[in-house]
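Presented sequentially are two complexes of chain A, the first with chain B as partner and the second with chain C.
Now for the complex of A and B:
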């Protein structure tokens, strides 16, 4: 699966263009007003940590913040060493994970992958078996830390499969085997890191001049795609849904406006109304499941349904570390990820509030998936997963 | 495919020689001269000297020939011979004959399988069109004809004399039939007449020589090898015919490979009369065919049930070649004592284990080859009892593959032990173990408060329900059943015994009951690579209603039942059950309105056993490789078969 990664396109692209499309951190951000959106309040336990993190990131993924972060990174260039437990202090994978997670443009799964790689690096195991057990324990801790995050779970599982898969490791002596595993872990982390760029380059071909794109939620991959296309001088228009309750659409609209992309904001209920003028729908994904369907922010399903009934293509942009061995049969067949919803008016007592943060879109309503493995039809997801897990 | 094409390509040049061989012989009979003048085509059909030439380049030792099981011998020397002969022929003629062969072959029988048919047909165009080359190669053949004929007599000698005669007569006739059929459209009137005449002559010849063959053929191998060859050369017609019969017999008679092909193929077209006749001749089980058959399903075998069982039971001690364990399983299939994909497959595999246990390699035989042939003959017996399911086909493929892969270095006892443990492992891993994994996966999809619908009595689903109940999940089961088998009642009985709350209904009420269902669990006889689920008849109906009600349909199927075939409907491959089962209701004399109408020409009963559910109606397939969408079946087939070779 990873061997078939389409990352070559990145290299080709870089070779072709001396002035590469810069990564978000390096891009000179246009001047902008300060962020209006605040982090949501920390919430009691049943609230999905994943969505909290997302919200936190959304609150700060602004150009200014990126600049600051960049400066911060420059100040501490050797991030790894500062965290790795050279001292006698016990190594904590969660801490490591959290420290990686602070970087807003780093997806949770990538942070987990980095953290697990750090586990290998700092491991004091003397046999492969010990190392494997240690790794397993760490990934279980990570998974338990937030059970609602699909990409975290999937990322950990994929990492474990990728790193410990071959039996050839057993025939080497431990140190070389360990360094091999470490090398793979780092490669995996690198691929995961690059994934977003690969997707952006792969999928910009689908955006043609003069098209109108409907976007739901703030997906960093979708944002990257739109940015890349805009920088390639493609002319297109974006319709952003509002993305209640955390107003992610507003945020995306603001970022796009900074890039001089014509953007229009809709309330979530206006999707069907404006579907006529839309040429394609772009959504991100929290997780891509075995059936080829996606789990994404609430509202994706209905947008896909509307688009499907009007024969508009629905494109999903998702990194391959979000491929999860899940198979929901219907909307309720998922572990619910709850989040607080602010209705701006007091909700009368005895009224129940649907607080689920995400829904499941079955594969028949999706047209294509843009992943770092290439542009796939939904049914290929299962193919890739079977090949990886069998 | 290779084995199919090989003999055809190889046979052609040899047969081509035949036509000219006869023509060049000064003392060949008048009928043959006549044939030669009018048309060379029939000459090849009835011209016997093939035998004298055919094994010319034979490289295989006669020891390799397996003994004939019924009225059969071997193709090997012939193939080798043909290959040898072909070297004398220019390549152009070779390819030409091949090309011409294809359209002809496709019009009637596939030449590879019924090599007798192809033997004749393929020969004709070349014989008539490339005389020059024919002469060349004929000469080459002549030079080597002496040892060759010795070989052919070997194969004839192994047959009981009576059988050989009978066979020879039959072969010639059937050959002619074969020959004349495909040519009808193309030949001119004169040619057709010539063919007819030739056929008549050949028939007469075959009859005439009937009594005189045995002395030559039944002689011992060593002594006849030269003796018979000599008289064959100045061939009187009688001799020619007899030897030809031997040759054709060899061609048609199943060798290890051919026997497999000649056995009623799992998907044999039963509306193809010639094949049915051929298959019947070989059959152990004599089934009487039902008279009134539905037009659309004529290609499927339909027998009157209950006629053959007593007959077979009496034969129990006479059937020498059949292993008792296989025989028992066959009878159980026939009587319906064993039904259900897994049960049938396990029973068959266990019978094969017995076979392996009791097997001892005959002297001067190769275990790998002989065992494969044995298994094939058993399989054809089982097919006669009841058509194979796809899962059984896969299991047989596995067994044969294992036999073929046995290292030659192994001693017999080691090989037998290895095979037995392989079969054991297949049963444990691919069937029983797979069910465990399926249960484990499927249980995660059952939640409290679910109403689960199932149809018929699938074993995997039963295990799932029982396991979910053990896990104290709270759910209700709706058992949907259908006439005539009413298997659901058995399931119902077992579920209720465990204290699961059940509802029982017939499929007629499915649309009414579906609205309260939350999930549908179905079993499958097979899953095909386009995602089509091939299962008990009625499954498609249940799945379609469920999908119309937006109820998820989960199909539980072990991966060994997956097949790379693609099927779009339930017509081209299916099984017909006992028509009486749907025309009568036992114990309800008051509603048996069709009494006395069973043999009415205007009434046909169609009791289909299976149907195909398109993948659109299936939400998920639960296999031992996890829960996959129906679109992923080809992936599993691919991966599984890769593993298949490794096991």
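Now for the complex of A and C:
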């Protein structure tokens, strides 16, 4: 019944490989030695670096720790030295990406695009075609390094599309084209912040006085929405799920309490129990797929199912650069993204653990998507993607 | 101008007092009023589209404020604004193409144009940039940022002064207004003709020996059913009377006059009869961007009953009823509470209705509209054809510009 196919034999083989659970937060990203050669994935079933980073963001940290971490990251000279690559080659786009990714406030796609911008800056190409080829190689390296991160893939693809269309035919010379592309890439960080603000403004109408909002996971976009509502003096309360194993709920509750929003913490299993006092569900998304469904932290599908069966609207807040060209047909259709899960007691050796970090919510359980392109129904997503890619 | 002001004031008054009944009549009057506003508006030479847009927006805001529940008013104002923007854009691209031809033939002019500080981009790019301001924001334009050159074509052409170009400019002035008024006339025709267009599709949906259920009275539904009758389909109609106004009675009378076999039932009997019905057809007051329907009170009940018994629920709506807004609290915000005297006779109940009399007072709620969520609707039939509720966003993108959503 839970073995829907014979693939469980294959899964068992992979699970038998012992994977170390120790991930100390202070350790810098994987050493450059393993990045320099062409095998970015030494482990066939790696811990998803994307979710590791998110966990690092969500850890209950102090500001001193944050400074320490950033100082550790700044050891990489690429970050400061923007003009010329250090020691000639190799310029590692992955190191650049990691250095940007460590900042907790920066969206994943922004880090990707900034890394690609650094590639352009340090490139010695003289024609647009050459630049595009270099960018494609860098983008493929990034994507291969972390196959589980959807915003990374989507951000890279978006940037590549943009570069391909800003061809040198429009500009007299290569240098002005290059500087224009560079300028836009650098502006993308602002675009991402602007996107969050637009989404917050669009969703204000849907939050009315006296409503109860259920939130799952710590999405920075959803947090911005709640913050803006509080600033607009709306009266509402928030139920947040604990979000095991990341414990995102505790962090979100702390942040919301600072804003004087009444918050209640639930364990993940208490969602159905509390659903009838909820007026709406707000979730973010790690990625929005072509069908209009979303890929988000594990538990989102469950909540959407419960909300749908009780006729509560499920609203998704996602920036438009998270739209990805994926069409998962079921839960297992995604790249496996695994996280270490700590049960606080040692797990007996013969017992398997479901360690997937994310799930797929089909579009029929979602009511509306709030994006910087406007308020969308799930069916609009494929339209937007077609316009971009075809 | 003062004539237009008084016309606007008079129309605002009529709207506020709810003197105009029906979204088609309201839409037509609004468009005709806007047409007079546009034709009387004096436009400057540069940036005339912006002047027209501002004038129409100003009038539009007054109209919408007068009757916020009648969504057709806002819809047609936005349609007119979209027409203005589209005509402006097509003229711009035509002008740029014209300038391009002149430039190509004359080398000195090319240098002149560039000397003004016009960015060195081809005309195709400028037109593409201008076009992107018309389209709603999309993934394609995400990285492009705001194109600064949307209004540059006019100023640059006024800078490059050759006789032929200034002659072009003054003809452009007249042309924009003329094109916009043509577009508005087309819109009026579309609104007037929506019933015929929808009724043409009746024969595809109503089959022999079927039983149709409808609620209240809608002219679109009447024409739809009669068109099928004329094509020699024989079917029966159940009309739910639509309390408290009982407009179903009027519809039943009309249908019988045209030769259709009709049965009148109470609203409460809808659930009982739904299992014997093949299709539910209703007319909408407005259709929202998510595919939700605002209809006469009682349609939500009929929709739920239809869903329960897997009966197709078909909504007929002319394109002027299509609203680009998303409903966030439609039961309250988009509803209108009518006088309680339609429900209760004041004389009999005067002691209960008197609030000062002491403990316990009788409250009467008489809403006009009902909201039907999109998952209960099977099909929308508009004058462009039959569509899925999830397809509404495409029609909206065709008819409206993103900049006009907030007026």
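Keep in mind that, in the parts below, the second predicted complex is superposed on the first by the 299 of 390 C-alpha atoms of A that agree within 3 Å, B and C clash if a C-alpha of one lies under 4 Å from a C-alpha of the other, contacts with A are read in each partner's own complex, and residues count from 1 in each chain.
Definition applied: a contact is a pair of C-beta atoms (placed from the backbone, for glycine too) under 8 Å apart; a residue touches a chain by one contact, two chains touch by 3 or more.
Given the structure is predicted, the values throughout are model-derived calculations rather than measurements.
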Practice problem: Based on the superposed arrangement around chain A, label chain B with chain C as either clash or fit. | Solution: fit
Quiz item: Taking the superposition as given, does A:125 touch the first partner, chain B, the second, chain C, both, or neither?
Solution: neither
Practice problem: For A:325, decide between first (touching chain B), second (touching chain C), both and neither. | Solution: first
Exercise. Have a look at where A:187 lands relative to chain B and chain C in the superposition and call it first, second, both or neither.
Key: second
Quiz item: After lining up the shared chain so the two structures overlap, which partner does A:257 touch, if you call chain B first and chain C second: first, second, both or neither?
Solution: neither
Practice problem: Examine A:383 and indicate which partner it touches, taking first as chain B and second as chain C; both and neither are also allowed. | Solution: both
Exercise. Could you look at A:291 and tell me whether it touches chain B, chain C, both or neither (first, second, both, neither)?
Key: first
Quiz item: Which partner does A:94 reach: the first (chain B), the second (chain C), both, or neither?
Solution: neither
Quiz item: Does the superposition put A:333 against chain B (first), chain C (second), both, or neither?
Solution: first
Exercise. Have a look and say if chain B or chain C is in touch with more residues of chain A.
Key: C
Quiz item: Upon superposition of the two complexes, what minimum C-alpha distance (Å) separates chain B from chain C?
Solution: 6
Quiz prompt | Residues of chain A at both interfaces, chain B in one complex, chain C in the other | solution = 379, 383, 387
Quiz item: Touching chain C in the complex: which residues of chain A?
Solution: 158-159, 161-162, 165, 169-172, 184-185, 187-188, 191, 205-206, 208, 320-321, 323, 368, 372-380, 383-385, 387-388
Exercise. Note which residues of chain C are touching chain A in the complex, please.
Key: 120-122, 125, 136-140, 142-145, 289-291, 326, 328-329, 374, 390-391, 393-394, 402
Self-check item: chain B - residues contacting chain A, complex
Solution: 445, 519, 552, 554, 619-620, 625-629, 631-632, 635-636, 639
Quiz item: Okay, in this complex, where on chain A does chain B touch?
Solution: 290-292, 325, 327, 329-330, 333, 363, 379, 382-383, 386-387, 389-390
